[in-house]
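Next come two complexes, and both contain chain A; in the first it sits with chain B, in the second with chain C.
Moving on, here comes the complex of A and B:
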């Protein structure tokens, strides 16, 4: 999966991949997509496609990451020449460039002030509002970032990216109930997203990690089960399902009277038999993924190598305890 | 399969054109006489051959059930389909449509989702640390 594609970059970019991506930049800079001919001819002989500008944007990100600021500047200049200095996205990209080239926190504060000024003129520029949060996060001011984000989702409650970010920030500081709320907001708009279901399940699972309770584990089980219902080869969903089942089985078998107590709005606790079956399903599916990924079957290479290794370790641990 | 499909398409098109031309010629020369049987047979046979060719040369069907469709994306990942843009970037197959939420990396994951909140300085520091260790992963 080590693809270095600027049009659709991989979902995780390690430093070596970033280097490979940014090494493509000189070729892009050398071949401008806009035509240099005078006006009527330039319309006929232009090689401009939407993909060309996506490639430019991704190349800009890659160059900034690898400290290739000169190339980044050239790409940014070309983008601003094409779309205009006052374009919202260009303003955001220029902001990212300035953030990247800021040498210390003092210079970053200057960039932050600039964002404030831009927002005073046009408070609807969401790109800049998000950058503002990102700068606060980068400065380590997490509580300010959370406040800024709550303002952002208040004015735009369907901005899922912001809800997801806010949820993650709450999760990082251990505010599980609020993180779960944010994850549910994401699910309200995108109820078919398997990753959002698995994320919500993970939060429920983590919120009760220190002292396992039945109710959150039950919700976690339900959401993991939904995530694999929406995606029949979702490694993360099966992995989580197995973990939750392993916690649930002792809880369910030690006290059969729990079933009477916990009949609240989350529904009845799961049947022990069902949980055992779900664990078997998760184990067999994880084993299949691990087995097929190893010999490099072409149809099974979509997984993240680290995730497959984690799944194999989980299975090994399981096999050792059973022996 | 692709070769067989293309052959059938070519043969079918040739015969279909021939049948249409024959019909035109026949109606032009003798407008009142009924169409001879051989032209009708040629027409029908060529259409059958052409249909078979089109079906054979069409791309593989895609899963229409949500769980299977998403499962295929998870299993196979994004891969090239033999098309490139002018910049030399390959156009990849469909990817996870929810990756923009960045929820796949877990809490504090290093994924590339949520572009709007991209922490450029953290990524630069990560790269710097990697470059300082001599570029070994």
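Moving on, here comes the complex of A and C:
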């Protein structure tokens, strides 16, 4: 994983790092990037860079996550002093601040009303539209959130975030076909993203979890394989590949004569030999990752600890059933 | 200072939708090979019919009508005025400065370049000096003014901020708006949509995931 600092996007930051980042806030507050000198001199002495403001914004997120509301307020005030109260980003940031400091659902409703008013004046403020969805989500109104999101992707159909979020929501309520559609939409914008492929594969896999069918499992297998092809040290890809193969092997061996019949338009079902080989590959790779992660070899530390533990569990379960 | 700066023009929601829907179609066309055949067919059918019906148009009533004359369209007029304003803000001071330099310093030779040059540079470096036999390395004041004029952009940016009006010309040449090349004011969005629908229709779909298992096995084996 890349080094986390205040310039990277906030979604990839784990809770301990967020705490660490928010502890840097006092230092940021103490050093304003704009100079207090009058105009011609301020040009020469200001240390204002675009990075400074990105740092401010990310520090603001980190502070809100760690409940350092006072520091967050100061950062927000400084941002709005620099960019103006009516700047779209600032409106969104203020909304985030108000959401984070809202103590109960009643206060969240107030924030929600405010968003509605802003959107009535300027329906093109996509930041606020997304925040509105987020409020609906935290109020637990999932179906309203889904409606709002469909409106959002309707008017901005290339918005990756919105499609991904809509996919999540559909997956949550169990509408697999729609969730898959959304995941494919994400893939169309980022065709080489291995995580998007793995996500799509996961959705295909989950959609058929209760009663295994060949076609979705086949798609799932292909997508997991593709995600590994794009990134051959992708733990989730191997993990998923192994799970899918475990489901596919009994299905293929019992219906080997039937498989000719239900040929579907997305290509023939995979061959049993190939699936077995793929499972071996996934198992050996997972075992390698688990083995190398433990002694703390530096190049193998990029994995998420929880994911490695899950992989080890899977391998152990596998070993137990074989015995 | 703020008077000289021009804010980017706001688009309406319908225009954003129109433009991004077109981009979505282009995305579908360029990245179609990541989709399975069945979902690609479903998408293609949807997009093509929506494009042909003009579902994403910002102005569905104006479909098929010719473009209005830009001179009578107030929105286009405003854009042109903005351009004029930007140009004037740059032209006026420069005309003044040039006139001043021409009046006071014409004929002055102010520097000598430290390297030799071929005679072709004479017209570039010695404007305002009528001496035929003067070495090309001598630079006249007027030429020096022109040279610095085009080299002073970073200085302007430093003093006026990077979005200043004196900078407008370069910006207009490099075109700021990402969608502008795609859907300029002179292009009919309906035509673009129909064109894209046709492109999608004739697209030959090849699934990149076909045989990915064998590729993967072959790679790890080899």
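Just so we're on the same page, the second predicted complex is superposed on the first by the 309 of 323 C-alpha atoms of A that agree within 3 Å, B and C clash if a C-alpha of one lies under 4 Å from a C-alpha of the other, contacts with A are read in each partner's own complex, and residues count from 1 in each chain.
To be clear about the criterion, a residue touches a chain if its C-beta (ideal position, glycine included) is under 8 Å from a C-beta of that chain, and two chains touch if they have at least 3 such contacts.
Fair warning: this is a prediction, and the values are worked out from it, not measured in the lab.
Chemist: Quick one: chain B and chain C on chain A, clash or fit?
Modeler: fit
Chemist: Touch check for A:316: first (chain B), second (chain C), both, or neither?
Modeler: In the superposition, A:316 contacts neither chain B nor chain C.
Chemist: Mind working out whether A:253 is in touch with chain B, chain C, both or neither, as first, second, both or neither?
Modeler: neither
Chemist: Which holds for A:206: it touches chain B only (first), chain C only (second), both, or neither?
Modeler: A:206 sits against chain B, while chain C stays out of touch.
Chemist: Put simply, what angle do chain B and chain C open at chain A, by C-alpha centres, to the nearest 10°?
Modeler: So the C-alpha centres give an angle of 60 degrees.
Chemist: For A:138, decide between first (touching chain B), second (touching chain C), both and neither.
Modeler: First partner only.
Chemist: Given the touch rule stated above, what does A:229 touch, chain B (first), chain C (second), both, or neither?
Modeler: Once the two structures are laid over each other on A, A:229 reaches both partners.
Chemist: I'd like to know which partner A:300 touches here: chain B for first, chain C for second, both or neither.
Modeler: It touches chain B, and chain C stays clear.
Chemist: Please name the chain, chain B or chain C, that touches the greater number of residues in chain A.
Modeler: B
Chemist: Quick check on the superposed model: minimum Cα to Cα separation from chain B to chain C, whole Å please.
Modeler: Superposed model gives a least chain B-chain C C-alpha distance of 11 Å.
Chemist: Check chain A for residues that touch chain B in one structure and chain C in the other, and list them.
Modeler: On chain A, the overlap between the chain B and chain C contacts is residues 229, 232.
Chemist: Across the complex, what residues on chain A touch chain C?
Modeler: Residues 43, 123-124, 154-159, 180-181, 184, 187-189, 191, 197, 219, 221-223, 225-226, 228-229, 232, 264-267, 270, 274-275, 277-278, 281.
Chemist: What part of chain B is in contact with chain A in the complex they form?
Modeler: So the residues of chain B in touch with chain A come to 66-68, 70-79, 85-92, 95-96, 98-108, 110-124, 126-128, 130-131, 135, 137.
Chemist: Residues of chain C touching chain A in their complex?
Modeler: 10-13, 16-17, 20-21, 23-24, 27-28, 31-39, 43, 158-159, 207-210, 212-217, 219-220
Chemist: List the residues on chain A that touch chain B in their complex, please.
Modeler: The touching residues are 1, 3, 5-16, 18-19, 27-28, 31, 33, 47, 49, 51-52, 55, 61, 64-67, 96, 99-100, 102, 108, 126-127, 130-131, 133-134, 137-138, 160-162, 164-165, 168, 171-172, 186, 190, 192-196, 198-199, 202, 206, 229-236, 298-303.
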